[in-house]
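Have a look at the structure below, then the notes.
Chain lettering (A, B and C) follows the sequence in which the chains are written, and residue indices restart at 1 in each chain.
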Amino acid sequence: MTASNGYEPVIGLEIHVQLKTASKMFCGCRVEFGAPPNTLVCPVCLGLPGALPVVNGRAIELAVRAALALSCEVRDRSVFARKNYFYPDLPKGYQISQYDRPLAVGGSLEMPGEGESGPGDVRIRRLHVEEDSGKSLHDRFAGRTAVDLNRAGVPLAEIVTEPDLRSAGAARAFLGRLRQALEYLEVSDCNMEEGSLRVDANVSVRPAGSDVLTTKTEVKNMNSFSQLEKALEFEAARHISIISGGGTVEHETMLWDPARGEARPMRGKEEVHDYRYFPEPDLPTLELEKGLVSRVKDGLPELPWQKVRRFTDVYGLPAYDAEVLSATRDVAGYFEAVAGAAGDAKAASNWVMVEALAASNERGLPVAELGVEPEQLAELIGLVKDGTLSSTLAKQVFHKMVGTGRTVAQVIDEEGLRKVSDSGELEVWIEEVMQSNPAEVARYRDGEEKLLTFFIGQVMRKSKGAADPDRLREVLLSALSEAD
Amino acid sequence: MTIDRTTIEKVMKLARLELDDTEIERLTRDCQAILGYFEVIRELDRGGVPPAGALERAAPLREDLADADPLERPVEAMAPEWRDGYFLLPRLAAMDAEVEEDDAAG
Amino acid sequence: MMRPASPTVAELRDDLRSGRVSVEAVLRGTLSSIAASDSERPALGAFLSVAVAELDDQVEALDRAFAAGDEVGPLAGVPLALKDNICTLDLPTTCGSKLLEGYRSPYEAAVVRRLRAAGALVVGKTNLDEFAMGSSTENSGFGPTRNPWDRERVPGGSSGGSAAAVAAGLVPLALGSDTGGSVRQPGSFCGVVGLKPSYGRVSRYGLVAFASSLDQIGPLAGTVTDAATLLSVIAGPDRFDSTAEDVPVPDLSGPAGAGVEGLVVGVPREYFPDDLDPRIAGLCREAIERLEALGAEVREITLPHTRYAIAAYYLVANAEASSNLARYDGVRYGERASDAESTLAVYRRTRGAGFGREVKRRIMLGTYGLSAGYYDEYYGRGQRARRLIVEDFERAFASGIDVIFAPTSPTVAFRLGERVDDPVQMYLSDVFTVPANLAGTPAVSIPVGWIDGLPAGGQFIARHFDEPTMLRAAQALERALADEASEP
């Protein structure tokens, strides 16, 4: 979105991601989406009298991993704090979070080449760990709110950006990039439908290019990437129209309504929240074990944007191809294995981008689980290169390997998909084609030599792609030059 | 350090306590007396002492295992209202079109 | 010194081992004396619930084990009472609150698991000030407990039921919880030993939280040795409590009889103010002379920030309490107000009707003290004062003091109703006990004498995790006073 009426939006995001652990943040309850309500609960996450929290070390490690990938400064010592408020799905009446001493501060996420999306890097203000709340269902039973505490206590990382985003599109692009990074890091599933990735935004507008501070509003309930973009566009436009009409924006929380495509102030003029934060007395200081940060740093996978750069530099791939191949760790890993085994990155890239991704989409499986080992695909590429298989035939071989785990050799053998270069076999097909196309034969013989391609195509079709193109050309030329 | 009735009423809301008039009156008086007694602590304002904070030692970390302390009785045995596996309560007014309430999601 | 009527743990163990008495008989005797204590008028009111058939299997198994001469736990067959803020499966856990009337915990506190493993018979749950907030056990939602030495007087609090049960000879052992003196002060009022362990010594898992950074479960017993025995059973790290420290539990019986020869006993000047009841000051001074006579070196010390302790304590404790008690909202458990027709009404009415006056007062003060604009003024100041009090103790112990001795309470047991309408006076009865909670140090109160037929206590305070030295001194004084009493 470009500045309108000379105003530009100023957007900051607050993102909650569920950390991919087996058990909850402060108790040993299993983490699972979609289990029957209130079955994944224990004294701790039910907030029973007398229950106490114990920190899940794995959750901390995952949060450290995310923080390092976002170039944050990770603090050796941080402090849990209680955020006090009443809500039916908040069992203890407070959320264990972090407040004035978070786990990590001051990072950034590279946002290259997004043109109008704003400044190159988006600064990360802080990253901290906390526990999720349960779920309140307001529509399931007439007149009642129903509470399910399976999600209560699931570990979360809260990531807060500086207000560095200058358009709804930039916010969407940033979130996409962040999600990609977190998936790469295996820190979170980042599934917006299942709620493992949630985003709120702060929006204000100001005269383009100035750094005037203006009143911001908070926007909640944006449940997909496109809703995020629409909601932010709506809210920024609302601010601009208020301000350019001489009004003032009120500081409030807006709830996005996807059905109506509008954001409305949250009902009931919520009493200004007073969370009464104080250090969580049930938990001593969170101290990172010596060497944890450097160990996690050493174990960080190559991040998507680093991969893109390497794919263009090392393999000489076009930027677009490099982006597609780095979209997930699965595809990137598969591509690199094929490229390595085949010794031909260009061919590997074409095969993975076209055939493997098509099969993956069709079957809803990651490419690594298609049943085609990278070595097998590499072998297939080799057979095309040395002329043993036509590329049409090779594609057939590939798709017959998918889901079966058969090797190239097995498929060729069992399906009879060899390349035909025997002149006897080729002559049978040529004969048939010439007989059914006498006019074209005559025209060719009268000197219309470009018809050769027509005959090659016809024979190829008859052979279902099995004819060896070079050999076919030879035999065809001689057949056509023969007089009857 | 003192507290008036208006503040008491504000804090009541924050603490989700319903009190009748007599209680509010008495509480205001009690709180004033108690806070008056706590005045002594102001003497410490000189000197810039850092507050005692979280326990200095390191929090123990547990392994990421599904080893929750089991419940020896079903959850519904203690629930004031329960249906189909859910805890129930009167519908949150913030989600209701008709009722005004100052109870909002945090 | 007069001792409660029930036998010591060692005596009981000998009787059970030798077969002079069965576990079944012990239990029957205990239950009937509990019943008797409540049938007299006015009732003692020490217990809120008592085990009936719940212990049958355990009793039978123990009697079989004793008969067979099998190895049994250190507390096998010993009747024990639990303050009703410690979660049990069989018996309700009410915290003395109407809001939790009939609440049955679906899990058991860490200490209870250890007690059962040690063979103890958990015979009942004792009365307390609601959610352990109080110093007289008058704030219970189920009526007060009375002092066994004078039933018109309070037993102290908040562990008044546990102290009274031991003092009346109903059980040899009981557990209480001590947040600002709630084990030691009733111990003092009832003439029994009350021990607050170092913060982090005993798991709080299953202790219903009042003020998390101060709460600690502690024994009440007839003798220092019995209190130490009980502590050694419940002490130690626990995977469910991050504040229970992973340090080995020392042998707490080791120093038994070691005496105080060579120990340096610090006597803090601030604990003997000019307006202290001279009879209490006198009994404590006599105790100090006894210690000196036993070979201890006595030094006057100063803990200069003591005068801020009450304010610091209440500012911190109330803040934590206001948050800890937020979970009682009538959604998942507890007594929901029946007429509530909105979410907000469920909260407000459940809490308004369920909590008693003192609890509401503290929730209000704590909420206020944490609220925007007041945090620094209240909670912040409280934590700052707390640090100074911690440093007072550190300085004293660094100067070569091994153990501190002081009165436990500025008064003996007061009359029922005497202080209920004067919260400040009530809070002042904790003046000598809260510093040890703020500093996390261990402290134990033992009876030091009688004033007009009412017991008075003195307390020993030691370095964090130095229970052995503390118990050694306490035991030496206890024996010396007992010898004196038996002198013709």
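In the analysis below, a residue touches a chain if its C-beta (ideal position, glycine included) is under 8 Å from a C-beta of that chain, and two chains touch if they have at least 3 such contacts.
Because the structure is predicted, anything quoted here is derived from the model rather than measured.
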Chain nearest the global centroid, as defined over all protein CA atoms shown: B
Pick out whichever of the two, A-C or B-C, is joined by more C-beta pairs in contact. B-C
With chain centres taken as the means of their Cα atoms, state the distance from chain A to chain B in Å. 40
Centre-of-Cα separation between chain C and chain B, whole angstrom: 25
When centres are defined as mean Cα positions, the distance from chain A to chain C in whole Å is 57
Scan chain B for residues touching two or more other chains and write them down. 14, 16, 53, 55, 57, 59-60, 62, 69-71, 75, 81, 87, 89-93, 101-103
Send over the residues of chain C in touch with two or more other chains. 103, 106-107, 213, 239-240, 242-243, 322, 326, 329, 331-333, 343, 347, 367, 371
Provide the list of chain A residues touching at least two other chains, using ranges where the numbers run on. 42-43, 46, 54-55, 86, 88, 145, 147, 149, 274, 276, 281, 283-284
Residue numbers of chain C touching chain B in their complex, please. 89, 103-104, 106-108, 213, 239-240, 242-243, 245-246, 305, 307-308, 310-312, 314-315, 322, 326, 329-336, 340-349, 351-353, 355, 357, 360-361, 363-365, 367-368, 371, 377-378, 380-388, 390, 423-424, 427
Within the complex, chain B is touched by chain A residues 21-24, 27-30, 36-39, 41-44, 46, 54-60, 79-80, 83, 85-88, 90, 136-138, 140-141, 143-149, 266-271, 273-276, 279-281, 283-287
Along chain B, where are the residues that touch chain A in the complex? 13-14, 16, 53-71, 75, 81, 83-95, 100-106
Where on chain B is chain C touching in the complex? 1, 3, 7-8, 11-12, 14-19, 23, 26-27, 30-31, 33-35, 37-38, 40-45, 49-53, 55, 57, 59-60, 62, 69-75, 77-81, 87, 89-93, 99, 101-103
In their shared complex, at which residues does chain A touch chain C? 42-43, 46-55, 82, 84, 86, 88, 91-94, 145, 147, 149, 274, 276-278, 281-284
